[in-house]
Amino acid sequence: MTPSTLLHSVLREPQRMERLTAEQWNALIRVARVEMLMGTIGMLSTGMHVPDKARLLLDEAAAIASVRQNAARYEVQRMVEALTPTGMPVILMKGSAYLMADLPPCPGRNIGDLDIMVPFDRLSEAEAALKRHGWQSIKAKGTYDDSYYREWMHELPPLAHETRGGVIDLHHTILPRTARLTPRPERMLANAIPTNCGAYIMAPAEMLLHSATHLAYDGDLQGGARNLWDIDRLVRHFAEQPDFWDDLKSAATAHELTSPLARALRLSHRLYGTPSPAALRGKPDLIDRLALRKLRGHDRYGAPTTPISNFILFLRGHWLRMPLPMLTRHLLTKWRARRAEARQAGRENDQ
Amino acid sequence: MRLRIGPAIFDIRSPFGGAIASLRHLYRDYPQGMPDEIYDFTVAALPTTPWRRWFRPSIRLQADFTVEEAVPVALRHALLAFEMGVNMQMALGYRRDIILHAASAARDDRAVVIVGDSGSGKSTLSALLSWSAGWRHCGDELALIGLAGDYSLTPYPRPIGLKNQSIPVMRERVSADRFGPRLEGTMKGTVQHLLPPVDAIQAMDRPARPALIVSPHFTAGASPEIRRMTQSEAYLRLSVASTNQLTLGEPGFDALIRLIRSVPAYDITYGTSEEGLQLVEKLWGDVE
Amino acid sequence: MTDQNSDQEGMMQPKEPEVNARRRVLKLGAVAVPAIATLTPSMAMATGGGVGGANISILACQVPIPDRIDEDGEVVPAHKNLHYDGHQAYYYENGKRGKKKYVFNAPYQGHYSGQEIKDGYLNNRYIHDAQFKAHVEYLQKMRNSGTGGAGISCLMSITNSSYKT
Amino acid sequence: MALYVPVEAVRYEKLDDLSLVFHRLSGETHILSPEMEAIYEAIPAGGADAEQILFRLEAVHGLVEAEEGDPASALCLRLDQLTELGIVRHIS
C-alpha cells in the first residue's frame, strides 16, 4: 500500500484509523495535508480511538475547516446581499454549494474561494454590483492574464474583497470557451434549486456533472483525491433518489459531458468504490492509468513520485482546454516566466 | 532526523549531509531520534534544481506548509533555511495555541512575554534575561499561549538568533561552546545562534503562566521610560503580532481577551541593555 | 463575556442615578473619521505569516513589478507607443498633445525582495531614484486597492509590521 | 419602518478603554470607538429605527451633538457603517 492508497482506504473505511502504526500515521498525515483532506479525515475520526498526537492534529485540522466554513458562509451572505438587487439568479458552485445545502462532502472540507455562476448576458452587471460592494479584480487590467480570462475563460478574473480578502470566481459556464465541449449553462440555470440563503444550487445531476467535468478538465488532476471524494459522497447521496441515474444520463447527453462523467465515475470507482451503472462508466483508457498513477503516487512525505505521468497529464489538461496555437502561446509565456525565475535564482547565488 | 522543540516534533531531511550534521550539533541538547512517534511537521532542504546540489549549491524548502514567494537560500546559510522552515510550520500550521511573535522567559513558572518587531531588542533582552538574570528561557521568537481557560504559556525554547551588534554583547557573557557557527552576509546581516541554558531546554515541557507583557523599544542613548498600555491597545498589539490568532475563531478571541484582562502590558524604552533588564525587573516586582 | 442582548439590555434600562452618572454629551464625529477598526482573518497571513518565518520570509518574499510603469505608478497599456529621451522612455497620456509621462521598466529581476523595499523606504531611496519612486507609487496603489495578488501579502507584511496606535 | 437589529452571532466585550465586537461567522474583530460603542449599546435586542435609537442615546447621554450636519443623519451614517460590517442588520 502506498501512502496515497492508505489515505484512500481510510476515507473508504475510517475504522482503519484505529489500527495504524506511527509510521502509517506519519505518511497518512502528509498525504492528507497535500490532498487537502486532513479536515475531512479529522471529521471522520470523530469518536474513534486514535493515538493522542494523531487526535491533536486531526482535531486541529477539523477545527480550522469549521472556522473557514463559517467565513465561507459569511462571504455567501455578503455576495447574495450584493447581487440580490439585480434580481439575477446566482448559482453556488462546488464547495459553497455543498456548504449551503449541507451535502455529504461538507464535513471537514476546506472551502476556499467562492465560485458562483450567473447568466452570460448579465456577467458585467454582476461584476459591477460586486465591485460596488467592495470586491476588486485581482489581476491588473491590460495584462496578459486579464485579457486571457475575458477572451477565453469560463469565468472572470478573480475578484477579491478589499478588506476581507475573500475571493469570488464569477462564472458564466462550467468550461472554458476554448474547450472542445460546450455544455449548456442555460439548462443548469433553468434546473437550479433555490436554497434558503437566497442563492441557487444546481440540480443533483448537473451538480455531479460539474464536479466530474471540473475533475476531468482541470488538467493535471491536482487535488484529484479530494475532488473524487466529493464525487463519491455526492453519488452515494443522490443515488438514493429513484430517478437519479436516468436524470444523470440525460443531463450528460444534453450537455455533451458523457465522457468526462464516465472518467470521473471510473476513477472514483477505482479509488473509493463509488457505485455506478457500468454502462455510464465506459471503458478505462490510457489517461485513466496515468491519472491513477498520479493519484496514488505520493511518497511518505507527500511528495509526488510519478513525474512523467504528471507531466503528460499537465500537457493533456492544457490541450483539452485550448486550441493548439493558443496552447503554444500560453506555454511559451509560462516558460518565459520560469526562465526569468531561474535566471534570478542564479544571480542570487552569484552574490 | 527528528527533532522536538517544545510541543512540536519536526522530521527534517536533506541530501546535504553537512547541513544536517550542523543542525544535529546545534540542537544537541534537544530530544532527537523518536522514530516511533507521530511527528507534527516535515521540513526538507532540497537543492533548488538537481545540479544545484553540487554547483553553487542552494536550498529550497519542501514542507507541509510553505509560502509561494520564498526565495532560495545559499547552502552556507542552511541553518537559517531550516530555521525558516521550522518557523513557517509553526506560523502557518500550528493551531493548538495562539502563536505570538514574541520572546518569553519564566521565573517560578510565571512568565514575562516580550512582544515587538524584529530589531526592537527582543532577542537580546531575552538572551540577557536567561543568561545574566537567571530567568528560564521559554523562547526568543514564538510564544505559544494556550486556548484553554488559563492562557498558559508553552515553552518553545529554540536557540536564540542573535544579530549583528547583539552578538558581541552575549559573547562577553556566555562561553563559546554555546554558540552556533557565525553566519555572515545573511538577509539580516550577521547571525549567530546562542543555545539557551541546558536547564531551560530540559524544562521545556513545563508550562508557565503569563504575568507581565512588555514591548521593548531599544534606542541607543534613550532614557528609560515605562508606559502602561490600555487593554484595547494590548489586544491590538498582540493580535497583529500573532501568526494565527485571527484565524482561530472564537477560541482565539476568548484566549486573547482573557490574557489582556488579567496581565498588564507595558511599552518600555531604554538606551542600554542593562537598563532594559532593570525595567523588566522593576515591572516584575510590581506584578509580584 | 456578555452575549449581546443580555447585559446590554440591563445596561440600557439603568436606574436613574446611574443614568446621571453617565450623563455627558455624546459627540458624533465627522463621517470621514473612522470609528471602527477591523481585524480580519486574512491579516493574519499578511502580517503574522511572514513574521513566523523568522522575518526571513518577510524579507525574502518577492513583490513582482510589471514592466512599463509610468511615473505615477500606473501600468502603461501594451498598445501605447513609447518614445525616448536618450535612454529614458516616455509616452503621451492622451495622444500627442497630452501629458508626457515617463515610463520605467521592472527592476532587473522583475520583482523586489521584501528587504530591498524595506531598505528603500528606510534610506529614502525614492527621493533620488525615479524608477524606484514610480515602483513605490505602483505598490501604494496596489496596496490601497486592497486586492491580493502575488506579493501583496509580502508588501503588507513589510509596511504594516510596526503597528502604532 | 426600517429597523436596525443587532446580529446575534457576535461576542461583545468591553475593555478598560474601548469595546470589541467579535463576529462569529466572519471571524472579524471590530474595535469600536467610544462613540460607536454608545450607538451600538443603544440598539435594543429587538431592533429599533434610527429615531428610537437617537432617543435612547439621549436618555443616557442627555445631549447628542454632531460635528457635521444634524445628529439624526450623523447617526444614520454610523448605523450604516455597523450594517456594512454585518454586526447590525437593517430590516425594512
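For clarity, chains are labelled A, B, C and D in written order, and residue numbers in each chain start from 1.
Following the convention adopted for this analysis, contacts are C-beta pairs under 8 Å (C-beta built on N, C-alpha and C of every residue); 3 or more make two chains touch, one makes a residue touch a chain.
Computed from a prediction, not measured in an experiment: that's the story for all the values here.
For the interfaces A-D and B-C, the C-beta contact count is higher for B-C. The distance from the centre of chain B to the centre of chain D, each centre being the mean of the chain's C-alpha atoms, comes to 41 Å. Note: centroid distance chain C to chain D, computed from Cα atoms, is 29 Å. Looking at chain D, one finds that residues 11, 13, 24, 26-29, 31 touch two or more other chains. Those residues of chain A in touch with two or more other chains are numbered 67, 70-71, 164. Counting partner chains per residue, chain C shows two or more touched chains at residues 37-41.
Because contacts link each chain to all the remaining chains, their graph is best described as complete. Interface of chain D with chain C (complex): residues 6-8, 10-14, 26-33, 35-36, 38, 41-42, 44-45, 56-57, 59-68, 71, 74-75, 77-78, 81-82, 85.
On the side of chain B, the complex with chain C involves touching residues 67-71, 73, 80, 83-84, 87-88, 90-92, 99, 101, 117-118, 141-142, 161, 186-188, 233, 236-237, 239-247.
The touching residues of chain D, counted against chain B in their complex, run 11, 13, 15-18, 20, 22, 24, 27, 29, 31. Residues 37, 39-41, 43-45, 47-57, 59-62, 113, 115, 150-151, 154, 160-163, 165 of chain C touch chain B in their complex.
Chain C meets chain A in the complex at residues 38, 40-42, 66, 75, 77-78, 109-110, 145-149.
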